[in-house]
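Look at the two complexes coming up: chain A is in both, with chain B in one and chain C in the other.
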Partner chain A sequence: MRKKGLRAAAEPLLYLLPAIIFFIAFTYYPFLKTAISSFFLVDSMGRAKEFVGFENYLRVLATPQFRIAVKNTIVYMILNAPVSILISLILAIIANKPTRSSRVYETMFALTMAISMSVAAMIFRMAYNPSIGALNHILGTRINWLNDPGWAMIAVSVIATWLNIGYNFLFLLAAVRGIDKGLLESAEIDGAGIFRRTLGIIIPMVSPTLFFLVVTQMAKSMMMSSLALIFTNSATLSTTANIDTMISYMYKQAVNNLNYNDGYATAIIAFIMTFILMLISFRFEKKGVHYN
Partner chain B sequence: MNREKTIKKAKNVLYQAMAVAIGVVIIIPIIYAFFISFMPANEIMRMPPKFLPEHWILDNYVFAISTTPLMRFMLNSLILAGVSSIIRVITAAMAGYAFSFYRFPGRQLIFYLFMGSMMIPSDVVLITNYQTVARLGLINTYLGMMIIFLCNATNIFLMRQYFLSFSVSLKEAAVIDGASNLGFFLKILLPVSTPVMTTVFISSFISVWNTYLWPMLVTNDNLMRTVQVGVTMLNFPDGVVYGPIMAASMLVLLPTLLVFLIFQKRIVGGIMGGSVKG
Partner chain C sequence: MKKILGIAAVLLASACAVFAGGAGEAAPADPNVRNVEFWHTMTGVNASAIDALVDEFNNTIGKEEGIHVESIFQGNDNSEKLKTLAQAGDMENFPDAAQIAGAGIPSAYGYDSLVPVEELKDSATILDLDELEPNMIRAYTYMDQMIGMPFSCSALLLYYNQDMFDEAGIDAPPQTIAEMADDISRLMVKDGDQVVRYGLNVAVRRYQMANFIGGQGDYNFFGDNEGGRTAPMTRVTFGDDGTLRAFLTEWQKVIETGGYKPTEDDINEEFALQLHAMVLMSTARIGKIKSLVGDNFNWSVAPLPKVNPDDKGGIAVGGSCIVMFDPQNDPEQVDATWKFVQYMASAEPQFQFHKDTGYIPVNKGVYELDGIDEWFAENPEYKVAVDAIHASNPNVQEPFDIINWEIDSIIMNHMLAFANGTETLDQCHDGIVNECNQKLADYHRANG
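Then we have the complex of A and B:
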């Protein structure tokens, strides 16, 4: 009887075992190790040698390249969280009314979801080419987008802004469609135009979804590195402008320079900054988000 | 009366035309790359740039496939995304089953442990995970590329939510009928859960297929590269660069685009359950 009880107690744990091992080995253990190692002097094999307190942190924070990386990350975040979400909201309002061709334009609005960063980077690099690219031709400009220090980070961020439209759109479309139809109809009868209806009804009603998207996109943006690495790593790409983000800076320090001291500290700084940003967002939630 | 109807109908058609036009603007980068991929090199290099090819050619595709290991990259990505998504469905289903059909000490704690992992971005632990994989001798192996994608907290959450919609009495009835716990899981619960498993599989497939950073980090052998890494590293002689790269990009895009178009409904359901996350 007792043996049977023990087996019954162990059974659910067997189902959970793969996940438990995974999260300990690839999430919690590396997080603790990164956090602890960041306070040590680490050799080029990644082994901790000597306790140095906050020395690694102070050095990273004083490095000009790292400060530029923080600035770049913030530019990226602004173009991704508010701008991309705003575009998606407009698209969701357009697609709200079901019509015969809804399926067609809904699919087009959502399509960027299926596209990878690498492919998008390749396409935009072509479009950004100063002489044969489409962008300068369309705008009538002569800007070397990816090599101009003033434009490079914006040009890189816009790629992600575009990529995120699909994902944000699908969320917002579901939220906009969830609004009580009667509410919008009675406002229309009262003579409220599309702008009044948007500001007065739609935005407050979808504010929980908007908030969710802003927070998740901000957190994701703080951790962005792929685009920066694609544009600086690949053989046929060259950019002389600094487009490093915090995580791509971490990557280059640790992987390219074997400087784990700066790598670990940068990882934890990026983590703490993201965490603080999230705490501030949740403070704001109490004021700006309406839940029914 | 009839006039009014016609005006209303015209307005509706106009509205749809506008919406489709905006849709075209959104996907214009893809259309642009599509046209370039069929353009001869001399037309691509022409100034001012032309957007529609005068002569449609397949050379760029032939060149991209025959001079680079693009097809090998595709195979690598297919193995990476396919196998890790299958394993992810299995680990998520097993964990979801334990959380929704068993009561045991530590259940809440383990659940919070799993959900708490979402607070730690994989980029923060990237370097340490790389060292772990290197120590295990998994650099340049499929297992090394897959290992951090084998389990996902949002997938577990989605499975658990789905399983919770079945009552525990379903299991009790099955056990009375002589089914073992494992038998109930495999023969009754999983077959009725194919919708949620499909959702997890597809969303996972798209996100792993599109991943760049981790597969780049753990491979340095050119033949082990995934398409996402490979497509950014293709080397062509100067002057013919853009055509083949756009052709390669189109080929890389095709699988996820097809999966997206076919399973759009499921993916949307998955998003709402929060399952699309690398």
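Then we have the complex of A and C:
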């Protein structure tokens, strides 16, 4: 009997074991190693030489490029996550009622999921060209979108926002369609317009999905590096405006410059900032998310 | 039954896919054929040109000697990938040969499995090393040892729109930066306050700076220890010897014209659309510009304008070399790799590679080959590039500055701020010098 009890207790752990092994090997161990190494002077081969306390952190925090990277990351997060989720929610509400043609526009709205980030970057880069790009031509402006420090991060955020719409749309469409139809119909009969229904019923009812999307998207935004690296780290696509994010800055310090001292400290600072943000989000969850 | 058949079909398809994938990349079946792994960094037309040379080697010398070279594209960061392997102590997974840029030489020098060209020089059977261009040998020489074999070579040139020059009454391309500034004022076109045609487009970064600093006087070094060639570079010297100030003083004339665009967006396309009268670009872009411009207008290239009228240094060699490794500790394998590397720098393959890609030949023997005169007659732009390199002092080189990405970013940011008027000449000068020296000091503190 006791044997059976032990087996029953061990069984779920055994199922978890493969995941735990991978987490330890590829997440927790590298994290610990990075955290410990960030307090040492490390050479270009990754060997720790001497304990230097918080010196690496103080140097990174005093570097203007890193401070710009922090600002850029926050701008990107603020522009990308809410805007993309808002657009997706509007599209999901529009696509809510299944009709004969809904398959077509559902696919169209979700299509950005199938586009690779580097391909999107190439397409947008052409559109953003200040002299021959479509955007300035349409708007009648002469803005150097990717090379003007004031515009560059906004331009990059637009690409990510566009790319994320498909993924967010799929989740929100499922959530919106999952709302009890009777509830919406009775609200309509009672004279509630689309805005009233959206604010009073749809948003509270899809709030768990919205919360999931906001939290994952914010964490992803804080960790964004791909677009920044595509635009600043390639021989053919290089912008002169500083559009580094915290993680692209970390990558360049560690991989390109072999400067693990700045790289490790940057990684830990980025982790702490993201962690704080996640704590704030979960605090909000208790107040703003309805699970029934 | 249907389900079982379905699963069987999927398994069969996966097995076929696995074997199909393997067949293309596997080592040659013949056990007497030696497989040489070669990592390259090129894409598009350039990659096809490299693959064509590898195929040619495999079908000729390779066939006779029992060598099969496998050409593998590894992205444009071979040096970083080699460094990662070295950090992990994984010498076994080093390739036999890898294409790297000059900046990667000091790191490669420290790898246990590196086989410097210097060690094999006397055993050359395919290539006469005396035929190699001295600038290009120097480009990949570190601590008095030839580390890599020059393979692709490019240099900075002035591209100009001949029709615009004719229209503005300018009869010759500028020889100096000051002359270039005068020409910019005559070539730029404004609509009210808005510049609709720039006189010049270029973003001044490490590559351009290395040329403007290196070409001053007879030649000049970017940093100490001959720009990092006799020992690791510990500081930049262009602040002490006045060459940076001399360049910035002249460059200010360019900025003051108001017709200079300091950021590069799509420089090839914009030049081809006649949005700029002049651009500074690598010789490797000649082919691209030819295809973009077609017969739309007349254009040409000229040597890079000098900082001072009496400068004699010329331009620095850019491009890449091939370094060799001995991952298997096997002299016969090294010998096979050495044959391939010699072949890649030989006259005929270099002529072919030049015609396919526009890179300047690293082998002087190319100029003795049949067809070269006709080629230059049809493509005079390439002759200008070759002459510019021949007229340059071999000591004018890109620096071995180890932290080249960081130096590039420092120079780019300050030069942009200088061009935009957010930094004065002094601020730009001191910013570049102090930040480069600080970063080099940080590097040596951690690695000394």
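A few remarks follow.
The rule we apply is simple: the second predicted complex is superposed on the first by the 268 of 292 C-alpha atoms of A that agree within 3 Å, B and C clash if a C-alpha of one lies under 4 Å from a C-alpha of the other, contacts with A are read in each partner's own complex, and residues count from 1 in each chain.
Here is the rule we use: contacts are C-beta pairs under 8 Å (C-beta built on N, C-alpha and C of every residue); 3 or more make two chains touch, one makes a residue touch a chain.
Keep in mind it's a predicted model, so treat the numbers as computed, not measured.
In the model built by aligning both structures on chain A, chain B clashes with chain C. Once the two complexes are laid over each other on the shared chain, residue contacts for A:147 go to chain C alone; chain B is not touched. Once the two complexes are laid over each other on the shared chain, residue contacts for A:137 go to chain B alone; chain C is not touched.
One of chain B and chain C touches more residues of chain A, and that partner is B. By the document's definition of touching, of the two partners only chain B reaches A:226; chain C does not. By the touch criterion stated above, A:255 is placed in contact with chain B and with chain C alike. In the superposition on chain A, A:210 makes contact with neither chain B nor chain C.
Contacts of A:242 after superposition: chain C is touched, whereas chain B is not reached. Applying the stated contact rule after C-alpha superposition, one finds that A:44 touches chain C and leaves chain B untouched.
By the touch criterion defined above, A:107 lies against chain B but remains apart from chain C after alignment on the C-alpha atoms of chain A.
Superposed model on chain A: among 6-14, 24-32, 60-68 or 78-86, the stretch of chain C in collision with chain B is 78-86, the rest showing no clash.
Residue overlap on chain A between the chain B contacts of one complex and the chain C contacts of the other covers 46, 126, 129, 131-132, 234-235, 255.
Of all residues in chain C, those touching chain A in their complex are 76-77, 80, 83, 86-87, 107, 194, 203, 262-266, 269-270, 273, 275, 402-403, 405-406, 409, 412-413, 416, 439, 442-443, 445-447.
Within the complex formed with chain C, the chain A residues making contact are 41-46, 49, 65, 125-126, 129-132, 142, 144, 146-147, 234-235, 238-242, 252, 255-259, 261. By the touch criterion stated above, chain A contacts chain B in their complex at residues 9, 11-13, 15-16, 18-20, 22-23, 25-31, 33-34, 37, 46, 91, 94-95, 97, 99-101, 104-105, 107-124, 126-127, 129, 131-134, 137, 162, 165, 167, 170-171, 174, 219, 223, 225-226, 229-230, 233-237, 247, 250-251, 254-255, 260, 263-264, 267-268, 270-271, 274-275.
The touching residues of chain B, when paired with chain A in their complex, are 12, 15-16, 18-20, 22-24, 26-27, 29-30, 32-33, 36, 44-49, 51, 90-92, 94-95, 97-99, 102, 104-105, 107, 110, 113-114, 117, 119-121, 123-132, 147-148, 150-151, 153, 156, 181, 206, 209-213, 216-217, 227-229, 231-236, 241-242, 245-246, 248-249, 252-253, 256-257, 259-261, 264, 267-268, 271-272, 276.
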